[in-house]
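Two complexes come next, and they have one chain in common, chain A, joined by chain B in the first and chain C in the second.
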Partner chain A sequence: MNLRKYLKVYKKFLHTSLASELEYKTNILVDLITAILSLVGSIFLLSIFFQNNGYIGGWKFEQALIIQAIYTILNGITNTWFNPNLTEIVKHIREGTLDFVLLKPIDSQFFISLKKINPSGFLEIMLGFLLLFFCIRINQINLNLSFLTLSFITISCSICILYSLWFFISTTTIWFVKTWNAIEVLRSFLYIGRFPLSSFSFTLRIFFSVFIPIAFITTIPSEVFLGLSVFWKILLEIIVATIFLINSRKFWLFALKFYSSASS
Partner chain B sequence: MISNLINRKIFTLLKVQYSNMLEYRVEIALWAISGIIPFFMLNIWTNNNLNESINISDTLLSRYFLCAFFVRQFSVVWVVFSFEEDSLMGKVSPYLIQPLNPFFRYFAQHLAEQITRFPFALIIAFFFFIFNPESIWIPNLGILLLSIVSTFLSFLIQFLIQSIVACLCFWTEKASSIERLLFIPTLFLSGLLAPVVSFPAYVKSWIYLTPFPYLIDFPANLLSGNETNISGGLIMQILWILILFPLFKKIWSEGTKKYTAMGS
Partner chain C sequence: MVQNIIDVKNLSKSFDISSKEPGLKGTIKHFFKRQTKSLKVIKDISFEIKEGEIVGFLGANGAGKTTILKMLCGLIYPSEGSILVSGYLPFRRKENFLKNITLIMGQKQQLIWDLPPIESFYLNASIYDLDKFEAKKRIKKLSEMLEIDEELYIPVRKLSLGQRMKSELLAALIHEPNILFLDEPTLGLDINAQRNLRKFLQKYNKETNATICLTSHYMKDITSLCKRVICVHEGAISYDGKLDLLLKKLSPVKEILIVCRSEEDAIKLENSGFTVKNKIKNEITIKIENKSITSSLKTILNNFDIEDLFINEPPIDEVIGKVLIKKDYDI
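Our next item is the complex of A and B:
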């Protein structure tokens, strides 16, 4: 019964935010062109890297394209859900409107993470899937059930990790008030996800798998696609994703204890 | 007399904005950190020995990327976002009454931010040298002055382009999505992620006619001591400013006629 209530509320969220976003139709077109150009740009950059080399960190060009595709899908998801909602937290806290959210008879994390939606991100997700299908063809990957489940599991875990990272940083706003610059820092780190982890030096590799698990987000799903994945890596990703999700929840509840409203 | 007045105005604006920026030291430090993408790119280049194919030594390449980081730090522009917010909130109206073009205000804001940012950029450079001690060098005074000039010119070009986009706010409310679109070619073609010399020939044939390589690649090459056409680069920078400035004046005068004072 609870789940049904949340589904119903989410439907309303979708309806209202889509209605308000569709007011700016040209904006959506501009965003689509931006997404296409940005994909073209990163493939161009990748082609510069592969100009005179067959392999980068043990990955061929066709294989590295899979990473680009998965990055594009995840970036689309970020732009559709995480970015519009979690930048809103900053506003809620600065203007004290978080009070209204907390008073509602609904889970505050649910409300704050899913209230808004940016439809132009959908186009980016579709673009990513197109590239992914193209990659599946050129890499001659056989689609079978176990492969599909594994890739579904790993990509879902990536989404969970990504969400938790965004949510962690947005939550710190409760203490520091203006942290949207920290989000920029996260964004620039996430940029690393466009390239195979093995193309970086050892220290950076450690940094990006232990401190900020960007390595897990794109590299492991891509390895699943190429059939290179090892069982323990997938298991590790599931564990990391669970830890991140649980902690993001705990952190939010912990941070709320320190929330002291604004201008009152 | 008139020049004296303008000087005093600019000086006051700078002083006000500088003390304003000093309030947000943490934010500016985070901004500085979010610009470290060039170092990740350097890591990919040197870790995979990609620089051998373009005949740049490791040391020169690391200097190039360090300089690219510096040039980027001192040519970041965000007029569109400030102006869009001010225009949506109706703050532009009082600015328009003042006997000073509001863009001077934004200009002073940017300069003040750069001064605040300088120590943070130096700290990051210091850490860079700890990890790459072999790339320490001291450019001679003439080159240093020239590269400061060209970095400033690069900042001016970007400031003018963004101001032109910002003026579109008079027509479309959400000009920032156009800016995000323009940022993509800036990101990939300016030399922030890969030096322009490494680009394939079919891009190199036309890229030097666009403003992009003069934004980061040219000043960074100049400062790092890589081969570059100094006078040609400076002339092109000035040429672009001469093209963009009248365009900005035109769109500004058209826009203010169209202005309908939002939010009041």
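Our next item is the complex of A and C:
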């Protein structure tokens, strides 16, 4: 793979995508307001849960805020990259415009995963980081190199798992054509990621760890921030992320063999 | 000797198609138990195309023309048989193969809707690994050939269909491919836009010796661009050869309207042994076989007092229409 070429193409993707989005100023403004209101609403909801009892699943409100911060960052990444690109796969397949992507001398997964960005998602990412820094202060977390490395690794793994899940569902469009509902189900499961895994019953914990690994996406990175994480959990998240990423790739290449293109 | 750039042998393609009975009962049955059957849409076809050739694929809707084009450019896997395009197996979609080809579809677009076409051109240039200087040079050259200038800087959504199609062509040709697959490129365009597009394709073919495979329902596209046509009928090739041979075979006779100086001349002509279609006063329409048209006209002009003469070609759409419904043509 020619890395220089891919960087050059990605720079063009960023440029064209930003230029397209900036054509609609009001839309961006509405998105920005939605992101702020959504974060305020989530924190308010979380504070209601903690009003009676100071703890949920052994987590204090200040600690649970870390999960909310990580969730906000991931949701921002979802809105910036995954949502505009991966939902477009369905459109590409239904309308047959995937033909143009497949005939370009560039990796098709790279193209359809990164072609667009939604700039308003950046604000959500920034808000998430602001909340995270606030949590670091109120939880008196010591920022050392090993902590920063582990946080980076676990958050990167979370992004990979989330991307792979979403990409996997979108790829099934090649057979089923319409898969909006499955993506909506995935998004609603992600809301669950705002709460500590230990606050759920044993059965749900197993479900959210094994079948839909939402637990890996927010809880494990948050545990790293609080110094509660154990080595095997981090290792497990790395393994899960690697397996998901490799399989999403394999699944895409396999699915393309069944692509029949839309009729003209 | 000109080499084959496309080589297709015993190519077949089957699709699984599901069918549904009408009504609510049919819908519920279709939801729970979908009945699918394998439909062979391309049946054992073989042909070769030489470098620099312009070949038209003719056929009724659903005959399989687009499926053939999509297999040739590597979008669809063939079920049986082999395809070699420029020495590559298309469905492997190797980088060097993709740099050699392009697909233009009249009813689909790749330009970024909200931005001027120039942005899409530079994006494509980066995908094809062209530097900015080279991209600028090619955009200038192609835009001159296509006669577009200001349109390059206007958002695509505000362009007319003709301007958009020209921009689509520029975006698809920026990497200077030597094989063009065109699927109904003039669809929906007005007469002038169609003519300009055809003019451009002729020029491009002449200047670059690019091979062009074209499908179109506008017969003017086929007659002005293609010397060779491949007729597809229900997934099989019903004719592969020169277009003029096909036209001669399908319409071996021309109609000639002759305006005589007097009605007497018309009666004389009527009784002179020609096949007469009709006669109204001093105007007479006769049918003459293509092969004897020159000698027959010479005889008429030498022996009769003729005021005017019109040679009527049968409408091309009517002639080609016969191809679309017939299974086999032996020329």
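Everything below uses one rule, namely that the second predicted complex is superposed on the first by the 262 of 264 C-alpha atoms of A that agree within 3 Å, B and C clash if a C-alpha of one lies under 4 Å from a C-alpha of the other, contacts with A are read in each partner's own complex, and residues count from 1 in each chain.
As a convention for this text, a residue touches a chain if its C-beta (ideal position, glycine included) is under 8 Å from a C-beta of that chain, and two chains touch if they have at least 3 such contacts.
What you are looking at is a predicted structure, and each value in this text was computed from that prediction instead of being measured.
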Exercise for the section: With the two complexes superposed on chain A, say which partner A:F49 touches: chain B (first), chain C (second), both, or neither. Expected result: first
Problem - Which of chain B and chain C A:W175 touches, first, second, both or neither - result: neither
Exercise for the section: Name the contact category of A:K12: first (chain B only), second (chain C only), both, or neither. Expected result: second
Exercise for the section: Please indicate which partner A:I33 is in contact with in the superposed arrangement: first for chain B, second for chain C, both, or neither. Expected result: first
Practice task
Give one of first, second, both or neither to describe whether A:F152 is in contact with chain B, with chain C, with both, or with none.
Solution key: neither
Practice task
Based on the superposed arrangement, let me know which partner A:L102 touches: chain B (first), chain C (second), both, or neither?
Solution key: second
Practice task
Considering only touches as defined above, state whether A:F133 meets chain B (first), chain C (second), both or neither.
Solution key: neither
Practice task
Determine where on chain A the residues touched by chain B overlap those touched by chain C, and list them.
Solution key: 24
Handout entry: Residues of chain C defined as touching chain A within the complex
Key = 15, 66, 70, 73-77, 93, 95-96, 98-99, 101-103, 105, 107-110, 112-115, 119-120, 122-124, 126-129, 155, 183-184
Practice task
Mind listing the chain B positions that touch chain A in their complex?
Solution key: 24, 26-27, 30-31, 33-37, 40, 43-44, 46-50, 52-53, 172-174, 177-178, 180-181, 184-185, 187-188, 193-194, 198-200, 203
Practice task
Name, in rising order, each residue of chain A that touches chain B in their complex.
Solution key: 24, 26-27, 30-31, 33-34, 37-38, 41-42, 44-45, 47-49, 51-53, 56-57, 176, 178, 181-182, 184-185, 187-188, 191-192, 195, 199-201, 204
Problem - Residues on chain A engaged by chain C in the complex (per definition of touch) - result: 2, 5, 8-9, 11-13, 15-16, 19-20, 23-24, 95-97, 99-100, 102-106, 257, 259-261, 263-264
